[in-house]
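Paired with chain B in one complex and with chain C in the other, chain A is shared by the two complexes that follow.
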Partner chain A sequence: MYKYDQYDQQMVDTRVAEFRDQVRRRLAGELTEEQFRPLRLQNGLYLQLHAYMLRVAVPYGTLNSAQMTVLGDIADKYDRGYGHFTTRQNIQYNWIKLEDTPDILADLAKVEMHAIQTSGNCIRNISSDQYAGAAADELVDPRPYAELLRQWSSFHPEFLTLPRKFKIAVIASETDRAAMRLHDIGIKMVKNDAGEIGCQFYVGGGMGRTPMIGPMIKEFVPLDQLITYSEACLRVYNRYGRRDNKYKARIKILVHELGKDEYARQVEEEFAHLLSQGIEPPLAELERIKPYFDDPAFDTGASDDLDLSDSDFRVWVERNCHAHKQAGYTIATVSLKPIGGIPGDASADQIRLMAQLAKDYSFDELRVTHAQNIVFPHVKKADLYTLWQKLDEAGLGTANLDSVGDIIACPGLDYCSLANARSIPVAQKISERFGSAEKQAEIGELKLKISGCINACGHHHAGHIGILGVDKKGVENYQLLLGGCEGADTSLGKITGPGFDEDGIVDAVEKATGVYLANKQEGERFLDTYRRIGMDPFKEAIYG
Partner chain B sequence: MVEVQFRFRDDEAVNDPAVTVDAFTEQSNATAVRIEPGDDARALLPYLDQLALVEVNFPAWTDGRGYSSARILREAGYTGEIRAVGDVVIDMLSHLKRCGFDAFAPEHPLNPTDAQNAFERWDNVYQATADGRKPIWALRHQS
Partner chain C sequence: MKILTGNDLKSGAVVWWTGVGWSLDVNNAADVGEDGTKIIAREEGAQNVFAAYVIDGEKTSDGVRPAHIKDRIRALGPTVRPDLTLKPSDPEAVNWVI
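So, the complex of A and B:
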């Protein structure tokens, strides 16, 4: 994976010094909270209901053991012994003291980590496919391009006070595992007719209160124009994105109001101008970055045999492992969704254990997924049973990837000052109701996502089943959505009808899965059945 | 008129009153113009030769349109003064300078030491912008 050179390290160290100075000015009363707010946000520091929350960047979701160990240590030293992995492939700590934050950043900088632009109205941490560099189905490893974009977007002086936050994802396979089209810019690495690799740009996707699937605005951008084209996209947005209403300030609204063709035309004009400005790094810079993402030293003679006589292990392999490009290896996902647990949470000990296991069994590499799980990207099949046993002993062996128990949930009203309703207790109840191995096996793949308000941090629009918490005259109320999906066939969920209370929504989910089980045809997932039979049978069962 | 607190130019300060972009493009003998966040900086491009001062107003520092305005002027070859006015705060200074601003007239004067630190904060930068600094990628690949 990528390693900082002296320049990268200096940038991060300088940021620590800058933020230390900003905190000093705040604590000395030279900055009011109102003045400090945008500054701390650009450094991932939120003020939540009970304490500050610090969000640490995990660029494109990739990290090594030393970094993961520090994430565990921070949880112990500055938080309450746990961390929360997020849908942006980052980690956040919910019980942070303002005066500790410069020291936390200094600890992070020692292992080439930071919290730069993990919130605020700027270009956020770049996300990517959690199986990058390991999946059998990818065209190229998308991460060198994500790293190039990371550097370009870090402290970009023109784009630090955009109309609203700005999220970029880069993928390189047909199976979109990063919800690419639900980003402000989604980039898909493609090959053109001449056999050259380039970037396909999708702009104006997003969730939030007005969910939109990003349209393609440029079929092929050559690699030596990637930064220039991105800059053109951002400049048009910075100049013309709406600033009169923060709920209409995301780029999706601009693209929607202008129409994708007009937006694309304006970008093209800006792009033509910027091409003469010498802002593009040379291809040699990409070539410098690429070798950091070379394959690890795989054992090319490794066997594909797996002893599956332990039935618990067999279920875990079937659910949580994914095809690797290298024979004899697999991609193993650790579910951070134990039955009744808080989605995405891990204790300091669990974090450090995963760090150690990655060192022992996955070439020192881990990934954070947007579904709030952890991936061991390169596990030799011969080691898989041992790895699973060690995970299972630590409560990390849950076999429920992409099943009803693998719930995405935002922090909700338990932590977040924006939330209208709690998400975590609903996730816990659903997880308990459907947690048994038999139930999960019966229902199969079902992506369930819960948001505690319409900002949609829990991706409810993209859930096969989505749940949206709202405030109904002071009482928490939950709406049910069906048919959402991220990935190559991205679709947005539709609301079934009137909402429910906390227990009611769990019953409604059960009724919905009941309709699926009664109607499913051979090989159909919940989503497939829904798409075939439509909303009506579900409505009837739920409200009839 | 608010005083210029920091200036990175050797020529004499321009003190002509700045007119609005609309007024400027209609009666074009002025030499100083003020850009508001919603103005299109490109409207000034035909007149760059006669301009000695462009003020870019930040009614609120969190509205970043002025950064693009300044860069657009520099990219078009404008070499006169670009002055940041309005809600200009310490933490913007280095970024403004990178986008081509060379004079700063904050509505509320800034602590000079803090400002000095802010201007000198970044030894290196990741992007090529209007300030002509060599970005890190150029330093990495210079022959």
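So, the complex of A and C:
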């Protein structure tokens, strides 16, 4: 994985020293909260419902064992013994003290991590496919391009005060595992007719209060124009994005209002101008980055044989493991969704254990997924049973990937100052009702996503079943959505009708799955059946 | 009653105005009547707390209870982690929040 050069390290160290001084001045009363707020947000420090919250960036979701160990240590030393993995492949700590923050950032900097640009109206952490560099179905490893974009977007002076926050995802497989078209810019690595690798640009996607699927605006951008074209997209947005209304300030609104063709035309105009300015980094920089993402030293003679005589292990392999590009290896996902647990939470001990297991069994590498799970990207099949046993002993062996128990849920009103309703208790109740191995096997793939407010951090628009918590005259109320999807066939969920209370929404989910089970045809997932039979049978069962 | 809440500058912890200072326990919250804005200006100016605001509350036989669920959760802690609330040994504490 990527290693900081002297410039990366110097920038991060300088920022830590700068923030240390800002915190000192704040605590000494030399800065008011109004003056300090933008400074702390630039360093990922929010104020949430109960305390300060620190969001730490995990670039494109990739980290090594030493970094993961530090994340566990921070949870113990400065927080309350746990961390929360987020839908942007980051980690958040919920109980941070202001006076500790500079020391936390210093600890992070020692392992090449930071919290810069995890808040504010800037380009946020670049996200990617959690199986990058390992998946059997990828064209190339998308991470060198994500890293180039990270370097370009970090401290970019022109894009630190955009109209609103800006999120970029990069993928390189036909199967979209990063919700690419629901990002401000989604980039898909593709091959053209001449066999050259380039970038396909989708701009103006997003969730939030106005969900939109990003349209493709450029079919092929050569690799030596990636940064220039990205800059052109951002420049048009920075110039014309609405700053008068926070709720209309995202690029999706600009693209929608201009129309994708007019937006693309303006980008082309800016692109032509920027090409004449020669802002593109030399390809040599990309070539410098690429070797950091070279394959680890795989055992090319490794066997594909697996002893599946332990039935619990067999179910876990079937559910949580994915095809690897290298024979004899697999990609293993650790579900952070035990039955009745809090989606995305892991204790300090669990975080450190996963770090050690990655060192022992996955070439020192881990990934954070946008579905709030952890991936061991390169596990030799011969080691898989031992790995699973060690995970299972620590409560990390749940076999439910992409099933009804693998729920994405935002922190909701239990932690978030923006939320209108709690998400986690709903996730827990659904997980408890549907979490048994038999029930999950019966229902199959079902992506269920819960947000505690319209900002949609829990991706409810993209859930096969989505749940949105709202405030109805001071009482929590939950709307049900059906038919969302974040993959290659991205679609937005539709609201079924009037909302429910906390128990009612769990019953409604059961009725919806009942309709699926009664109507499914051979090989159909919940989403397939919904798309075939439409909303009406579901509404009838839920409200009839 | 009107009660005043904010966050402690150093720890970020939720605190409640008692009439003479700040407390972690909502049951110590005082009725600030019409004086909330004045107290906020003074206390924020002294850098004791930040993000302070006035809310509606009620004095019940069990203690002071904020009117809105969001403030009740602020007062106790996350309902999904009773061990991290202000009343970790009281499993019933969550009941007055919801």
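Heads up, the rule we're going with is that the second predicted complex is superposed on the first by the 544 of 544 C-alpha atoms of A that agree within 3 Å, B and C clash if a C-alpha of one lies under 4 Å from a C-alpha of the other, contacts with A are read in each partner's own complex, and residues count from 1 in each chain.
Here, a residue touches a chain if its C-beta (ideal position, glycine included) is under 8 Å from a C-beta of that chain, and two chains touch if they have at least 3 such contacts.
The model shown is predicted, which means the values in this text are computed figures rather than measured ones.
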Touched partner set for A:Val470, first chain B, second chain C, both or neither: neither
Touched partner set for A:Ala66, first chain B, second chain C, both or neither: neither
Touched partner set for A:Ile197, first chain B, second chain C, both or neither: neither
Chain A residues touched by each partner, larger count belonging to chain B or chain C: B
Touching partner for A:Leu413 - first (chain B), second (chain C), both, neither: second
Touching partner for A:His273 - first (chain B), second (chain C), both, neither: first
Chain B versus chain C as contact partner of A:Ser154, first or second or both or neither: first
Residues of chain A contacting chain B in one complex and chain C in the other: none
Of all residues in chain A, those that touch chain C in their complex: 26-27, 29, 33, 47, 49-52, 80, 95-99, 342, 413-415, 419, 422, 424-425, 428, 474-476
Contact set on chain A toward chain B in their complex: 5, 7-8, 10-11, 14, 17-18, 21-22, 25, 30, 35, 38-39, 121, 151-152, 154-162, 235, 238-239, 243, 273-274, 277-279, 281-282, 284-285, 288
Touch list for chain B against partner chain A, complex: 37, 40, 61-65, 67-68, 71, 75, 89-91, 94-96, 98-99, 111, 114, 117, 121-129, 135-141
Residues of chain C defined as touching chain A within the complex: 7, 9-14, 44, 47, 50-51, 67-70, 73-74, 77-81, 84
